[in-house]
Amino acid sequence: VVGSTVACFGEVLLRLTAPQGEPLAQASAFRSHVGGAEANVAVSLALLGHPTVMLTVLPENPLGQFCAAELRRHGVDTRAVRFEAGRMGLYFVEQGAGMRPPRVLYDREGSAFALSLSEGENWDEMLAAGDWLHLSGVVAGLGRGAARSLIRLARAAYERGTRISFDCNYRPSLWRQWDGNAGEIFREIVGLCELLFAGKNDFALMFGSDQSCGTDETEAFSRGALTALSRFERLRYVATTMRERSEFDDHSLSALVMSRDGLCTARWYPLGRIVDRIGSGDAFAAGMLHAVIRGFDAQRAVDFAAAAACVKHTIAGDANLATAADIEAVLRGEFELRR
Amino acid sequence: VVGSTVACFGEVLLRLTAPQGEPLAQASAFRSHVGGAEANVAVSLALLGHPTVMLTVLPENPLGQFCAAELRRHGVDTRAVRFEAGRMGLYFVEQGAGMRPPRVLYDREGSAFALSLSEGENWDEMLAAGDWLHLSGVVAGLGRGAARSLIRLARAAYERGTRISFDCNYRPSLWRQWDGNAGEIFREIVGLCELLFAGKNDFALMFGSDQSCGTDETEAFSRGALTALSRFERLRYVATTMRERSEFDDHSLSALVMSRDGLCTARWYPLGRIVDRIGSGDAFAAGMLHAVIRGFDAQRAVDFAAAAACVKHTIAGDANLATAADIEAVLRGEFELRR
Amino acid sequence: VVGSTVACFGEVLLRLTAPQGEPLAQASAFRSHVGGAEANVAVSLALLGHPTVMLTVLPENPLGQFCAAELRRHGVDTRAVRFEAGRMGLYFVEQGAGMRPPRVLYDREGSAFALSLSEGENWDEMLAAGDWLHLSGVVAGLGRGAARSLIRLARAAYERGTRISFDCNYRPSLWRQWDGNAGEIFREIVGLCELLFAGKNDFALMFGSDQSCGTDETEAFSRGALTALSRFERLRYVATTMRERSEFDDHSLSALVMSRDGLCTARWYPLGRIVDRIGSGDAFAAGMLHAVIRGFDAQRAVDFAAAAACVKHTIAGDANLATAADIEAVLRGEFELRR
Amino acid sequence: VVGSTVACFGEVLLRLTAPQGEPLAQASAFRSHVGGAEANVAVSLALLGHPTVMLTVLPENPLGQFCAAELRRHGVDTRAVRFEAGRMGLYFVEQGAGMRPPRVLYDREGSAFALSLSEGENWDEMLAAGDWLHLSGVVAGLGRGAARSLIRLARAAYERGTRISFDCNYRPSLWRQWDGNAGEIFREIVGLCELLFAGKNDFALMFGSDQSCGTDETEAFSRGALTALSRFERLRYVATTMRERSEFDDHSLSALVMSRDGLCTARWYPLGRIVDRIGSGDAFAAGMLHAVIRGFDAQRAVDFAAAAACVKHTIAGDANLATAADIEAVLRGEFELRR
Amino acid sequence: VVGSTVACFGEVLLRLTAPQGEPLAQASAFRSHVGGAEANVAVSLALLGHPTVMLTVLPENPLGQFCAAELRRHGVDTRAVRFEAGRMGLYFVEQGAGMRPPRVLYDREGSAFALSLSEGENWDEMLAAGDWLHLSGVVAGLGRGAARSLIRLARAAYERGTRISFDCNYRPSLWRQWDGNAGEIFREIVGLCELLFAGKNDFALMFGSDQSCGTDETEAFSRGALTALSRFERLRYVATTMRERSEFDDHSLSALVMSRDGLCTARWYPLGRIVDRIGSGDAFAAGMLHAVIRGFDAQRAVDFAAAAACVKHTIAGDANLATAADIEAVLRGEFELRR
Amino acid sequence: VVGSTVACFGEVLLRLTAPQGEPLAQASAFRSHVGGAEANVAVSLALLGHPTVMLTVLPENPLGQFCAAELRRHGVDTRAVRFEAGRMGLYFVEQGAGMRPPRVLYDREGSAFALSLSEGENWDEMLAAGDWLHLSGVVAGLGRGAARSLIRLARAAYERGTRISFDCNYRPSLWRQWDGNAGEIFREIVGLCELLFAGKNDFALMFGSDQSCGTDETEAFSRGALTALSRFERLRYVATTMRERSEFDDHSLSALVMSRDGLCTARWYPLGRIVDRIGSGDAFAAGMLHAVIRGFDAQRAVDFAAAAACVKHTIAGDANLATAADIEAVLRGEFELRR
């Protein structure tokens, strides 16, 4: 079975990770990985068997080449990547442990990607062949020009009949810099989507805080998701992960999907020994996209995507390198040594 | 106190382990360790203070030399090892974490050991001095010639008065390749043994599935072990480990020993942060052999062997490098920093 | 806000740590860190913002230079360090995991520090500027001359009006070598202190075993601490950590502080995935000193110091490299990924 | 400028390299790289800007996936790779230094590639789009079936008008195993080629030893190359590298190209500090192919290819990861720190 | 003997170095070092025994703290460092080998240091205690504001009687960005200096190209240096290193110093196996400053500074970590294993 | 062919090596190797095929066990090793490069070996089976008791008919500590030897400085060696290596052997890229012993031993891990990549 073509548009970042147990201020070495929310989705989808295309701008230097090569290694098509002037967007990661959470230091200003968006890059022709386009709110947060570019791209895709998936991924530190109206911009894009990743805060931004209140997380999500489904008729699924910490690093993870047929809830997975939790939301998004493309029903979709997010915690780097077989094994509860 | 001489006969493998958090398909580096079920038992016994001899065939190349040297490093006598043509049997290990179990990829076909068994190697004279001979069902699974060699070696030892220990270690993937009758072969060897490591599936193979049923694992083991003791009069102990997973990587381990005086059960040890669980069964076998040689009673034997299997989980590589003092500390529940 | 100057007097050691999962007897590599109880306190205080001075003797060789440089790196003033003949005091660390506790092999005999103490080093003039002097019982354990030097230094500081903090840190293996009377020596120093770190065993040494009995650890501590406060009028706080292990590596940590206003207890923190637990007592001592210098009340002091001890478990090496912001985040229960 | 499509057919191997200064018999760790003569050429051509396709069979397991991913990372198109049963062909590398040359231990028997060739894999349809096909004598050495497959593939390509490049790469250890007639098979393939990589020994195999004698290496090559050009009219270039060692590791490298216009010789490059010399012949072949495709004249071709072979010595792993700009810098003699 | 206080003003950069043999475009890991021309001089001077102060601005984040800590580790006083908004200036280093020279990719735009210079930071009060101030032309290259700041600082120091050392360090890529007149700015600073590091190109910028011509490098330097000495009466020494490459990585290094007493030339040192050549110019500058402060005559000064530059090639990272004893050993030609 | 049994008596040390390019004062990690002059000879002889026994005392702790295990790994029989109280003798190694020679920092005082020698350990019974006993002057340098023990052991061996080999290995830093008369002690031992390793300085110590003068190194050696042969009638061979440095790290190595038939000289081998030169003298001694045991003539002996010393420079750690085949390849001048 060959999957549909999925195009992912967004900024690719180079992640530099300090060794376990070393705070960033002490780090005498770094491992490098490719990262960025949309790139993480692209890598996971490629490993799940979908032809996947990355739409981005990278700097014309060895760091940009490294990132493109890593995406290619994981099976993502990089022929549409543009190499332009500017720097490589970086982020530094301090791996947490126990009660010390991981920490991310962004160093992404002035990147080739950010520079190019303000100059009105035209990605339209790249979309001709794509069945799906995955976008994230991180791009919109980069500035007014970037937000406009994102909306224009979403509209062009919509008009071509490309199906759109959108992960709000609201990062207050970005939006604060230019005082952007995230709610308005998100609403504009969500109106073009079939698949939406959003949580309580995102609903509050889009619909006001009374649309995401409730006695617990599930209730707040349900209210917000139903509002979204009622306002945007093209929307088919609204999805989110939930994380609980009974104590410090004793996380467990579940997920919710609201469709026009009602709410489906995944089981709670205790996460045990976490190797790397960054990118678990992207792993979830890729799992949902996979499920929707493959035509899973909503319950199977939320189960698969939640299991994908859980397995991600056992893999170093941002991207979920698990295969569908690995995720299915988690779903079946197979924990035996595999020979 | 000096222990008895124990000879271990079996294939030595070179283990190549990918870094933590890296799936095999991404592994850019490997650590090398010596491995193989019988070699693991030999190493652990040597570290527990017993003169231990490895009987095996290694390839005449640097990888074979590496494995012999590593065995020697741990105190195993390698003067009886033969270096012959053929390749080094390998296996690649992907370290699991949390809900992703470890994964082993075997690459052992055409090894010098397997080649030599079909040519009727004669190990008899090596056995003259041995008090004990430890064997495993892995060798029998390698093919018809190998199974015949194993039985012949067991008989020769038996006739010399060497005491025999046998770990069924049933690996379906091996037996399937030549359609061998594991039950028949196991029965033949078990008839010569004093010490048997077997679980529910092994009893079913040897005696039919009604001999290993029961409402729980302990009951099934008891039924099978009593059948074995009743059929084979030389047999003194039948032993096994039990593993429970309340949730994903939250393993706990216990063990059972059936003797003619009845069943002894070890306590359940929660395993906590697992470094490497491969080889814990071999650590248990070595612990039991040590206990039997030292003349521990059955309860102390199962306690010691279970503690040995548990400590193994904290040590990288296949072999249990713990000393008797380390294991006794676990038995006494000493968890303080040792200065 | 700039803190008070704290001088820490004691031996600096070079710690050599074997890789995770490797027993010392197998270790083919070591990482080097600076260590020693008083140096750990100095480093943590420097990172918490206090001008900190190390008073010690290091060998006149590259290993001594390494240790001074590492202290300097963490912000400790090393201008008072003396470089003299003798060797570098070492200790080798085997990292435990799960049920295998960490293990420390000391190799500190004949160190430049120990040699110099018997020759009556005069540290007095270094103390002129110090507001606080932190000492530990480890120095006293090194021998008769060292104990005398420690007392002389404490008295000189006392006479100058320097406030004194003392951590009993009783190490039986040291005291046994010269048959020193720890109780007598500790009493002499405690009489000069404002801040004392002591537990049940230390009270028994100082006041007899009936002063530290009780149905539980809290009761025993309370009895001993009240005795200390009643006998030594300068003393303001007596503090200790408590550690519980529900099962093997499932540690949790709390702390107690007794002042003339009564007992304050910190909450129990489960420690989860431990990176390195050595030095957590020193992290606690630094946390208490910070709290006392900053004028926290007793409850906030014990909370802060306990959280400091907990965060230490997530950092490799002996010294707590956490900042005040890291510790405050633990106190507030913030476990989110920090971007 | 976009290059021509080049298809490379051959076995991809997984290379496991011991750390510098460690003999294979001591190696406790290995780095993994993708290797194999034809794959090395493919990687280098991709980095030089040519659309490059790998035609091979890999095992259906994580090691096979690793190799395909690594090729993709370097820009080689792997969509034509077939994943089938069998093992991954391996080789272990001991890095030499000074007077100890590097050492390669092959472990490639029973590989998925070798197994598939005896079963008559049909690669013909893959060739439709290729402008060039690069082959090597290593494949022919694998056995009678493999040699036949190679010839069939070369003929199919020839008939489609694909231009053929062939590197004799004579490995006596392979040919000896099945007593193949290398000279006859090489002649058959060379008759279809435009570009041939061959040295003195290869000419002796193909044309008899009187065709490659001479007072020095250049003379022997010239005689053999002229014979080849006179016998095979399609042949345009015959090329080889020369290596001199004035003393131990003090290598220098040059190269020769014979065309119908006569002999061109590259300068002698001293190699200095060698990082990894394996694969320098493949780097040369890729350099020549690049030069021929780009239409360089023979002198510029031999200069460029020799410089490519030299730069390879500074890069770890088998494949030449240098770009055209790196190689041009060597040609221009630019040795300054590049900022 | 305690040295004079030397203040070094300039940008501190974080260097990220790829592993040996890996081009930047392939680098999966980086080692971190502190770097920057003036910081390198500060570190070397501190290790040579001089009280050394770093005057700079670092970002208020963990990377800035890392750099300050590393400087402190080497004995540089960082109490005058200011932590302000902005990013950490980075550069990525590809280690060359043989004929592939090392390569530096700068990523320093928008750094906290660069931002602060345009806002007129006032460093004057920091200079009160300094005997010497070392500056470099890199700062001037950062932009018009930076150049003005540098001149203002030099004048303020001059007026206070602080002696000034200046290394032209002309980086065309920086000056090109804002079209700055390097010659004019350099002349302005050199007029305030006692010690100048300049080569042929720098003289051409300052005095026109006829002032640095000649049949060889020594002649060109002499002409330029004499012009400088004649125009700027405060100037006492003009110094430079010379590098020769007989073949590729077969470097040798010498140095020239012109004083009012004439030219002194160091011997030519062959460099042999180079570990890291970046920062050798800074090592030379530190060596000259040391020699001038200590009052060496010109010949001994140039010998010492050349030897310092040579030893730097054997040490990883930018800064010369050699001690005066190490450098003296090179001067005496001692190559024996030191026990 | 099985060799003769060789017993090596001396102190085993644990070597801790800093990473390449890092001075000891900066070393954040160490690799561990077993070392010590006599142990190095034992390891090399075992790898050359001789049954080899180590006679030593190690501390009863994990570091002592590590050293014994490493010796065993290389095939040395450790059953005669005694484990006693005391510390592990250590030495720290800074790897040099280019003009910075390697540096060794000893930390061996108070070792279990040194302590036991003063208490009159009796090794006599261990010698019954040995054909050869290899000793070194390092032991004699440890102190008066150690020197007496060494002489007693040599005499006991002599009386039993064991043949003795002695390497003077004069270390002034050791002898200076107790003002021992090295010449007298050496003469006493040499009188019992067949094989002596000594150079110019050793002859001066033993026979006065007029016995080792001459216009060059060869002449000085010849004079001293002839004196030794004339005074000690049991002596058959006197041997030494010579090292030349045309420039810095451009070493070359040769060797001399004087027998009663005259002088034999090995060729000069340029050493090229040195990985580790420590232990090359021990590699030479092992090569000579091998040659004498195998009955090589003097010329072949000196050639083989010199080649052994050269190959050692390419191997990390103290011990020569080369096989006879590796050394023979150097003798034949084979520098090709070995497949």
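To keep things simple, chains are lettered A, B, C, D, E and F as they appear, and every chain counts its residues starting from 1.
Please note the rule applied: a residue touches a chain if its C-beta (ideal position, glycine included) is under 8 Å from a C-beta of that chain, and two chains touch if they have at least 3 such contacts.
Just so it is clear, the model here is predicted, and its values are computed rather than measured.
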Thinking of D-F, which of A-B, A-D or A-E forms a repeat of its interface, with over half the contact pairs identical?
-> A-B
Sort the other chains by how far their Cα centres are from that of chain F and give me the top one.
-> A
Most remote chain w.r.t. Chain C, using mean C-alpha positions, is D
Could you state the distance in Å from the CA-based centre of chain D to that of chain E?
-> 45
Multi-partner residues of chain B (each touching 2 or more other chains) | 23, 25-26, 28, 69, 273-274
Can you identify all of the chain pairs that touch?
-> A-B, A-C, A-D, A-E, B-C, B-D, B-F, C-E, C-F, D-E, D-F, E-F
Complex contacts: residues of chain F adjacent to chain D | 269-276, 310-311, 313-317, 321-322, 326, 329-330, 334-339
Enumerate the contact residues on chain F facing chain C in the complex.
-> 16, 23-32, 61-63, 65-66, 69, 87-88, 90, 92, 94, 105, 107, 109-110
Listed in rising order, the residues of chain C that touch chain E in the complex are 69-70, 72-75
How about chain C: which of its residues touch chain B in the complex?
-> 19-23, 25-26, 96-104, 106, 171, 173, 245, 247-250, 273-274, 277-278
